[in-house]
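Multiple structures follow.
Across the two complexes that follow, chain A remains constant while its partner is chain B and subsequently chain C.
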Partner chain A sequence: MLWFAGIDIGSVNTKVALFRDGGPPHFHMIQSGANYRAAAEKALDEALGKAGLSRNDIVAIMATGSGTPRVDFGTDQLSDISCSARGVHSFFPGVRTVIDVGGQASRAIRVNDEGKVINFAVSERCAAGSGRFLQIIARVLQIDIKDAGTLSLKSSNPVIYTTGCAVFGESEAISRVAEGTPKEDILAGVQNAIASKIANLIDRVGMEKDCAMVGGGALDIGLVKRTEERLGITLLVPENPQLMAAFGAALYASHPQ
Partner chain B sequence: MAEEKKKRAITRLESSALVRPLVNKMYMEGTLAGMEERPVAWSMVNWWEGDIIMRAMGVTPVYPENYGTVCAALGIAQKYMGVSVAEGFPTHLCGYAQNTIGYTTEMKREGKVPEGAPMGGMAQPTFMLSSEGYCDARFKWFQSLRQFWNVPVWTLPFPHPAYTDTSLQDVHKVNVEYMAVELQGFIAFLENLLKKKLDRDKLETMLDNQEKVLKVWWEINELRKAKPCPMHARDFWTMMVPCYYLAYDPETLTVYQQVYNEVKARVDNGIGAIPDEKYRLIFAELPPWHSLGFFDKLAERGWNFATESIGYHPPPPMELNGGSDLLYRIARWTYWQYINTRYRAAKMGYPAVGAAQPFYNWAVEYKIDGILTHPLVTCRTATFWLTHWMNVLRDKLDIPGMSIQGDIVDLTVFDAATALNQAPAFEESMDHFRKVRKSKGLDW
Partner chain C sequence: MYFAGIDIGSTMTKIVIMDDEINAQVIGPTGAEHRHLANKVMEEALSKAGIAFDELTYVVATGYGRINVPFADKQITEITCHAKGVSSIFPSARTVIDIGGQDAKGIKIAGGKVVNFVMNDKCAAGTGRFLEVIADALGLKLKEMGELSLHSKEKVRISSTCTIFAEQEVVSKIADGVPIEDILAGLHEAIASRVFHMAEKMKIEKDVAMTGGVAKNVGMVKALEDQLGFPVLIAREPLLTGAIGAAILGKELVIKALEKGEAIEKGARLLEAASFFK
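Take a look at the complex of A and B:
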């Protein structure tokens, strides 16, 4: 059986998808750390081990993500924008707009009926537009990022952030903690701030339904909810939203077009 | 054995090498004028409005904006920007201004051209010539520099008519007349400062040469409409310098004629600036001077930049009337530089799209597949139109756009890796819109 691998080396996590025609994919994810190449090697080997495979079983490897330039063992490399679009399309063929909230940036991607990119917009080089902002604030609040979404849904009075900068946002969150503001309101405020930036990106590329949210940010149900409220639509979220780019990369490795 | 040098993807014009000696000469003249205590002006790019008048009066201009690009390209700008910040100037000021303020601070501190200043540095000014053209920083910056240099600052007028007014001949007449009267005032200022009279015959000879230079440079850029595009934006950015600073010089005309011949030969023989032109793009606005090698990476992917930066393209042949008086001729060219694309749009039946007009015209005529914009952190003027330009091309012509954040001087902002990562996705987008355009009956 021919297997194909997609490796998405993100700024926070490195994700691997193993794929073969006619079978379910295998996924694996580890933290990227400071050495992208080592993370990619480790993630691939661990994924192969979990699936009972070896590198000899892999026909082609497609690398994607911000750490791609550090990977020299892949068969080919491709933009994570293209890979996210392809991955989402395979799960939701009716999707025409993809919101990808990653650790380094957020992206709004318009796709056609083949899962190819029509247009895209990427957030500025600022953590305030990415999932990193949520991590920063979760750390300030001393809560696990996995719990942030659920906790934020309890908010009744979200904080309105007065800055569009993650560094100043962190300072502002610390001030709010000192004032006794509930954690859920601080988190909900961050989610609203990110949702606002996502909406700006959507304005730039235009919205066409269906719309899906992927990337690590889509694991935060609070962010999904507030983005839905901001856009006035229901978002589709796949089961493993953070793995879509890796899966799309594996699909590109198997069927380049 | 020495490793074989990797061939670059962009085939630069051989004649572009002829420009470097001209630029070197320009800087050498500035240095010599300073050493010989002849009058030196620190001057903004003024679109031919004041340069030849100064030259005809024996003043040697040096150009801090251009010097900023030199410092950026050689990696010196970070140092000068750091000095500017240490002096209390904010980091969001114009990058060229920060570079010049840092340079000037060092110059005052050392009492001479700062140690390590590239190209012999900029000599101390006798006066400074600013321009109202395009952005406020270009006169506020020189006013600020008066805290270092106790010399006069003269500001050249540059009317910015509303887009809807540019078809009105009366508006042109009034604006050109205003500029010509102001130029008379500039001459009076120089004559008083230098204690000498303007040689009008010399000025006319320089103006004649300048008009020939503009014509050839315009014709060169017209040749870039050919497929494949024979001249990449990198050659444009190298070669635009003499057009803006040395248009009076017969040597510039000779060099441009050689450039024209080479580009024409490429067109006649179907030779492109890159080996396999897959996509033709516009680059907007000024490039990352410190990272121009980035364009070779894109050229390897088949991206050919056929046109670019609006403020720096030569105007087409003059279509404004107004007599042969020297000052009116000078004023008309500067004014024409600002409004000519709207005349072009009217003539060709293109829709009026405001500030995006140059890019609309070029996108149609150069058969453009995409626009790559370069928002400049320290340049408001070159940045706040970019989204509008992208939207107009997308909505009116189905041409997609992509942005890479950066700066003209501050190399810490530019992220080539991220941009290159996005390139394949943008190619998908350009492929998609190519099909859309053809489905709508457009021919590219």
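Take a look at the complex of A and C:
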């Protein structure tokens, strides 16, 4: 069988997609940890094991993600922006704008009708625009990041963050907790702050519908809702938004555009 | 006549009591759990000066927590107070670079008055907070960080601007075996460069005085002097310039009122806890 692998070595998680023409893909995700090379090897082997395959079944591996340049892995390497766009395009061919909220950076990507990137903007200088801000606040609130979205939907009075900085935002959250502000209002406030950073990115590249949200941040339904409110549009979210770049990488491995 | 200046910063509360010269000075933490304790710092200052609260002719509050101090007669911004305080200590100063626990400011002064200022309170990078976060990550005391950085032979450039990403970068550099003093020298350079470029927007003029808690860090002083290309002036207690300025401004107000034969407008003057959440 001719299988192709896409591996997305992210700052937080490493994701693998195994793909072949005419069959369902396989996905696997592990934490990246401190050693990206080891994480990539482990993620691939575990993904193959789950699918009942071996490395001999793999024709080509496309590596992507922020950890990729630091490791010599894969048959080829490509930027996560291209891979994310390609992955989203395969699910939603009508999408022209992709918002990718990762653990360490967010991206706004404009794509054409073939799923190719025509413009993009990245917020990588500041943690406040990424999933990292949510993780920090979830830790302050002592909740699982997975529960943050559902909990935040209960908010009726989101905290207005006076700062756009994740470090100051953390202090502000601590003060709010001390004051007795409900956790959902603090979370909703953080989501609004991130949504406003996302809106700034969108302003830089322009927006064309349809618009999709992917990356680990898209798993947070609260963040999706706040971003929709901020942008005044409905966002398409694929079933496994955090796996889109890995899937796009696997597509590139099998059919280079 | 006694005058008090109280500077409630994000991290520290500073109080100065003076007549013709400084009678008492106290620096206590503002910290979350001490937020309501500005009155305790005041009581300590009064007892050091050996006077009763009623003997204070005028009390001026400044700093980020200056609003809602129930025992102050007047609030004046910290920019104005720093300019006044620095001018009283260093009459030749034309630029003040103040790096506090949560912000950084550049102030241009002439004749003890503010002519221009720039400020960053939006981003932790380029403030004392950046150093605190890194000190925590490395298990070092703030004081040690500056001293250690002076031993650097080959400073390492820190590529991250964001405090959170810089913290990660530092941890991974330590794991790569980079000497800690070289990393620290790079960190100090990163902050100094950020603050320098902010202040340079209003064209830095000599002499430059450095104030705020970060001026106590020898590594930061050196890093800022490297950016400027000349030495800076530092008061014996660089945390107190805002409080000193506040006390002097209070004194000037009272003297002016007395000369004109006008009444002095005073606050309600309750020596009780300040509230920050009203």
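One rule holds in what follows: the second predicted complex is superposed on the first by the 255 of 257 C-alpha atoms of A that agree within 3 Å, B and C clash if a C-alpha of one lies under 4 Å from a C-alpha of the other, contacts with A are read in each partner's own complex, and residues count from 1 in each chain.
The rule is short, and it goes like this: a contact is a pair of C-beta atoms (placed from the backbone, for glycine too) under 8 Å apart; a residue touches a chain by one contact, two chains touch by 3 or more.
The structure displayed is predicted, hence computed values, not measured ones.
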Fit or clash for chain B plus chain C once both are placed on chain A?
clash
In the overlaid three-chain picture, which partner chain does A:Ser82 touch, first (chain B) or second (chain C), both, or neither?
first
Of the two partners chain B and chain C, which one touches more residues belonging to chain A?
B
On the A-aligned overlay, A:Pro69 touches which partner chain: chain B = first, chain C = second, or both, or neither?
first
Is A:Arg132 contacted by the first partner chain B, the second partner chain C, both or neither?
second
Check whether A:Val117 is in contact with chain B, with chain C, with both or with neither, and answer first, second, both or neither.
first
Once chain A of both complexes is superposed, is A:Arg204 in touch with chain B (first), chain C (second), both, or neither?
first
Just to be sure I read the superposition right, which of the two partners does A:Cys165 touch: chain B = first, chain C = second, or both, or neither?
second
Which partner does A:Glu179 reach: the first (chain B), the second (chain C), both, or neither?
second
Steric overlap of chain C with chain B in the superposed model, located at which of 5-13, 23-31, 167-175 or 221-229:
221-229
Where on chain A do the contacts with chain B and the contacts with chain C coincide?
125
In the complex formed with chain B, which residues of chain A make contact?
65-66, 68-69, 78-82, 85, 105, 109, 112, 116-122, 124-125, 204
Write out the stretch or stretches of chain A touching chain C in their complex.
34, 104, 125-128, 132, 136, 163-168, 174-175, 178-179
If you look only at chain B, which of its residues touch chain A in the complex?
387, 394, 400, 402-403, 405, 413, 415, 417-418, 421-426, 428-429, 431-433
Within their complex, state which residues of chain C touch chain A.
32, 102, 122-124, 129-130, 133, 160-165, 172, 175, 277
